[in-house]
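Structures given as structure tokens follow.
In what comes next, chain A is part of two complexes: it sits with chain B in the first one and with chain C in the second one.
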Partner chain A sequence: MHDIHLIDPVTRIEGHAKITLHLDEGGSVADARFHVTEFRGFEDFCRGRPVSEMPGLTARTCGICPVSHLLASAKAVDAIHALTVPPAARLQRQLANLGQIVQSHVLSFFHLSAPDLLLGMDADPATRNVFGLMQAEPELVRRGVRLRQFGQEVIAAVAGERIHGKGIVPGGVAEPFTTAQRDGIRARLDEALTAATDTWQLLESILDGFTREIGVFGDFPSLYLAHCRPDGTWEHYEGGLRVVDADGAIVVDQLDPADYRQYLGEAANPDSYLKSPYWKALVPDDDPRPGMYRVGPLARINVAERFGTPIADGLLDEFRSRVGRVVSSAFHYHAARILEVIASIELIGRLLDDPVLLESRVRAQGGVNALRGVGASEAPRGTLFHDYRVDGDGMVTDVNLIIATGQNELAMNRTILEIAREFVDGPSLSDGVLNRVEAGIRAYDPCLSCSTHALGQMPMSLELLDPQGRQVCEVHRH
Partner chain B sequence: MTDATDRPRLRVATAWLGGCSGCHMSFLDLDEWLFDLHERADLVFGPLTDVKTFPDDVDLTLVEGAVTNEDNLELARAIRANSRVVASFGDCAVTGNVTALRNGMGEPQAMLERVYVEHPDLAGVLPTEVVPGLLPTAQPLHETITVDVYLPGCPPSADRIRTALIALLDALSNGHPLPDEWRGPEDLTFGN
Partner chain C sequence: MSLVPPRSGGPRPNVPVVLDGEEVSAYEGETILALARRVGTDIPTLCYLDGLSIHGGCRLCMVEVAGDSRLPLACATPVTAEMEIRTDTTALRNHRRRVIELLFAEGNHICATCVSSGACELQDLAATNGVDHIHYALEFPRTDVDATHPKYVLDRERCVLCTRCVRVCDEVEGAHVWDIAHRGNSSTLVAELGKPWGEASSCTWCGKCVLVCPTGALSFKGRSTGEMRHDPDVIEFLTRLRDEGEWVDRQEVSS
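Right, the complex of A and B next:
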């Protein structure tokens, strides 16, 4: 493969992402690069601020999964304060994270990807969006809108607001949970579960139409990393990490997220504001690519043996009997997401039945007892790490954030390379190729808002370069 | 396309500059009222659509986020040139908010060095290829283009967004100019 340096783009790009494809001497696609173009600098400007501000501040990294940042941040501060949160607070935080997984996955499916999946990859771009879908399938969209609303209301019950609430704090949560809140959510559980299982059936019914995409959308072996209980049950909030290989064999189990630096490295890129985390044990030199691993819904269902809830487990077993124990096509991130929505709704129901949830002691108080704290949880898109160092007064001296989307960066690059190899034919690019490449990225539901930070349906331009780095062709989505 | 009273459908856009997308998520928190909105207006541009170039002849654009890089600035100017009414949508657009916290850290170049060269495990490298350069400071929207309406909040609540949208769409579809009191950065209290 020729190592090609990018030229500056000939034309300006809009939006937050861009893709470049490199051709070799023979005219075949040799490499593909996904560029993230947004930078906001949280790791820098948080320094010098009181660590107690960090949950509220870092939630502003992302309005799509603010709860994930609130949780990872609050847990990092819990570690600095060296305290244990009260049991009721632990359950409330879990409830909020499950609400978050529901609303974020529903957004990814209905608002961002369903237009592709239901209107078609080649549908008119002017109406290939959720509003076009409202026209074509109003009842379906209404179901999705209400399901997202359900997730948001679960979040609001704990956090005080749907977005950027103040209820998740260092030491626990701000307020006890009330019976009225519990009953309000409970009253909507059945509708939510029906909507989610109907969505699963819908997705299953259309999979046959995407056989070619399933085959090339990132269907390659990789490591998978996620939280997982020692007994193999799916986990989203606490405990150790498990890594499995492409055959599902456990590589390591119950890693302490606080030790992440021992096993995860981060590489910077000359052509993206997104860093590339990698699995250190597989990287002998300066090239991070052999250390590719995947996180998020697909990784979680590959890492875990089971959800531990009856409906989701039944569907998972049946899905595995068709596609295999380890699901490697990134296209099936969609399926993994819907399964997680179902499991999350079941788990929400279970938490509501736990009397501990209503206990009134919800917050532990502490001061600086350790100079470093790491908090980790499963964000909708994968494992999220917040790592803070503070001085004796609790002022932040160093911040490192490892965001789920970043951890899929190497896999996303490989995915678009495979899609391009499958669909690019000769030196010209059609809008159809662009659509497929974009949909391959969208399968990962990248949150570029988080990772430095754009929504899944990103505007894109695509550039084809020859071995000398000269532009052969450029396509814009209009 | 026309509605029942034969008025052309309104063309609404949203844009995402340097923000967390929380304002857009609050827009989606309009929930089923999104169907009512869709009755009155077409959404012609924004992160929820597949349209890449900012279109002509837009009636109302809600702009989330501060102007923090060259791409943001270019898009902000395209929005102003092609929109009848531009709204600063949320605190990042209105004041700079969290996005502008980087302004206290000095030169963008030095900040990029700290984040990308000093931090990573492998040989660090500055992102300079393909990506848009950072502006010296992240600025509120009205520092770069004229803004007509301010919708504060981090994010503005869905109720506030709905109140504003109804009022703005009514005014636009009746062909009325916006009342004077909606204009100017001093008015930061639209709705409740």
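Right, the complex of A and C next:
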């Protein structure tokens, strides 16, 4: 007899999902599946559009990380135009991506995950959300909001707006950067850096309370994939990809993202709209699971030797001295995010000091010079690929997008399975158990439909179904 | 059909008219729209453009005239003595809003990703006339994009069939590349009786059609979201230059 536990919807993640837990006859969890139930259709409806519109079109994938799609898309169109963006535009784009990483990671930590981490996994669901956190820790939340605002201001300076800006365009950026913009961001650097390092201290101080979660939240060996400079420095915008294994050994280095089809496969799922990309070399047959690899903050700090900035590198070294060079628990995505926020703020400061940033030539013009272009960059949640084919008139004929969350899909299934095996025991389920399963997913900060639903108190039901699909019992979270 | 005030020394307006309750004087043969604009009364228009012939297709400029059960078009109706005109009533506002909603419903107007967002007359009309919902079923027509021209793109999804491009190409450039083919819901803008634009040998690449387009239907190739800027006022400038041999400072005219 196979019973199914259904957690639907999963709350406080970006987008909608449901989780099914399949029990065996003995009441133990046999399998876990994470389903994305929304269909977006971007790869289809982008066909037949002028390729110059693709950055604006694909940015609509997500209101949290439009900059990531703008960048990957603009880079893909740059490749089709076969042009080199002006140096100032390259720096502006890097600046926007760093602002994007800051604001998204801060949102993930303070708004989505901190209620679990600071109020406790078993806290009353009615207050275990950002509003409860505001009451318990108003100053902390205020600083988090301001830190996110800092990231948004950096984005707005380049893109023109915080969300869905029009400033990142094929060939470069729309406008030169001004001294007023530079000085405005620079004036907030110290506050942002202090808030970020204090957040790190806070996270460190509570880790001891989550020993059990750290042990089962996706603590398994896997490959890690991310952009990385040849010398091992953390990279977020350009260059080659590096893959390391569970021991930190480099599997391959400086792969050209444009060749991704040679090393990445994509499996379609019968029960989810999310594709499962996999590492081809490890998949001998139709089952993609052996090809599991992880992307995102955790992968980036596992792939890179160092950030290349003093404060973040000091904290990273100290963190590694305690947990090891390669960090495998998905729980530590939280730590990786905060470290990346600190490094990003340091790098923003460095970019502001570069006089090239203020140069007035910010856009190269081009036409269709290649019929295919791939753009890749590090989105907050991991490596993002945009792959376009066009006809000679510049009309899009084919689109393939590989989104960070999709690449973590196999790892998320495995994470849920491990958490469920640890915390779920037969049909009696507490809210804390449900939330741990959800929190395991949330550690990956998945961006499912990339719509922005963060409904802390959304009622959640758990159904127990018999083999005929009849409901045996139903548990409401509140 | 210029809306620029005649030079001093010409005839003076002497036709008495009541416009929105105010007694005003119109020129002989002046249209209701020309009179309204001259005295500072705003009547929304879409297909009308200074410097081009009158099409009367969009019907947004309809007004109420006492004693006339129809709603005459301000752009195409000359004033007559003692005419009582209302340009802004609840009924007119409702009619105009519906016209705009129907324009949205029959095309694929996705402002968020359109090249002309922020500089689109249809978008402006929706905003200024209070269109916050479309009460009609959206048609989602299956139209196509013609990007065969090396410099310009025609996106039929965004075309409102105002015929400004047809008229400017015929009347000002003299090339007559454009026409509207078919009828009713099947109406569509075609180059040279249905050729891809890039193969239309009569096209001079002048770009006037792109400059006068009120939406993102015609745009410069390579423009990204919100980057397109049209310049319809250039036609009034050109026709005045041609017909009267006079350079008029365009900023002065628009102010």
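We take it that the second predicted complex is superposed on the first by the 431 of 478 C-alpha atoms of A that agree within 3 Å, B and C clash if a C-alpha of one lies under 4 Å from a C-alpha of the other, contacts with A are read in each partner's own complex, and residues count from 1 in each chain.
By our rule, contacts are C-beta pairs under 8 Å (C-beta built on N, C-alpha and C of every residue); 3 or more make two chains touch, one makes a residue touch a chain.
All of these numbers come straight from a predicted model, not from anything done at the bench.
Visitor: For A:P125, decide between first (touching chain B), second (touching chain C), both and neither.
Guide: In the superposition, A:P125 touches chain B alone.
Visitor: Of chain B and chain C, which one touches more residues of chain A?
Guide: The partner that reaches more residues of chain A in the superposed model: B.
Visitor: After the superposition on A, what does A:P288 contact: first (chain B), second (chain C), both or neither?
Guide: Only chain B; A:P288 stays clear of chain C.
Visitor: In the superposed arrangement, which partner chain does A:G394 touch: chain B (first), chain C (second), both, or neither?
Guide: second
Visitor: Give one of first, second, both or neither to describe whether A:Q365 is in contact with chain B, with chain C, with both, or with none.
Guide: Second partner only.
Visitor: What is the contact status of A:V169 with respect to chain B (first) and chain C (second): first, second, both, or neither?
Guide: After superposing on A, A:V169 lies in contact with chain C but is clear of chain B.
Visitor: Check the residue A:M134 against both partner chains and state whether it touches chain B (first), chain C (second), both, or neither.
Guide: In the superposition, A:M134 touches chain B alone.
Visitor: By the touch definition at the top of the document, which applies to A:L57: first (chain B), second (chain C), both, or neither?
Guide: Touch status of A:L57: both partners.
Visitor: For A:R182, select first, second, both or neither according to whether it touches chain B, chain C, the two together, or no partner.
Guide: In the superposed model, A:R182 contacts neither chain B nor chain C.
Visitor: Chain A residues touched by both chain B and chain C?
Guide: Overlap of chain B and chain C footprints on chain A: residues 57, 60, 164.
Visitor: How about chain B: which of its residues touch chain A in the complex?
Guide: Result: residues 16, 18-26, 28-29, 31-32, 34-35, 38, 42-43, 47-54, 68-71, 74-75, 97-99, 101-102, 104-105, 111-112, 114-117, 119-132, 134, 154-155, 157-158 of chain B touch chain A.
Visitor: Could you list, by residue number, the parts of chain A that touch chain C in their complex?
Guide: By the definition above, chain A touches chain C via 48-50, 52-53, 55-57, 59-60, 164, 166, 169-170, 174, 365-367, 393-395.
Visitor: Give the list of chain A residues in touch with chain B in this complex.
Guide: So the residues of chain A in touch with chain B come to 5-6, 8-9, 12-16, 18, 20, 35-41, 43-45, 57, 60-64, 66, 107, 111-112, 115, 125-126, 128-131, 134-135, 138, 142, 145-146, 148-149, 152, 161-164, 265-273, 275, 280, 286, 288, 400, 449, 453-455, 457-461, 476-478.
Visitor: So in the complex, which bits of chain C are touching chain A?
Guide: 112-113, 115, 144-145, 147-148, 153, 155, 198, 221-227
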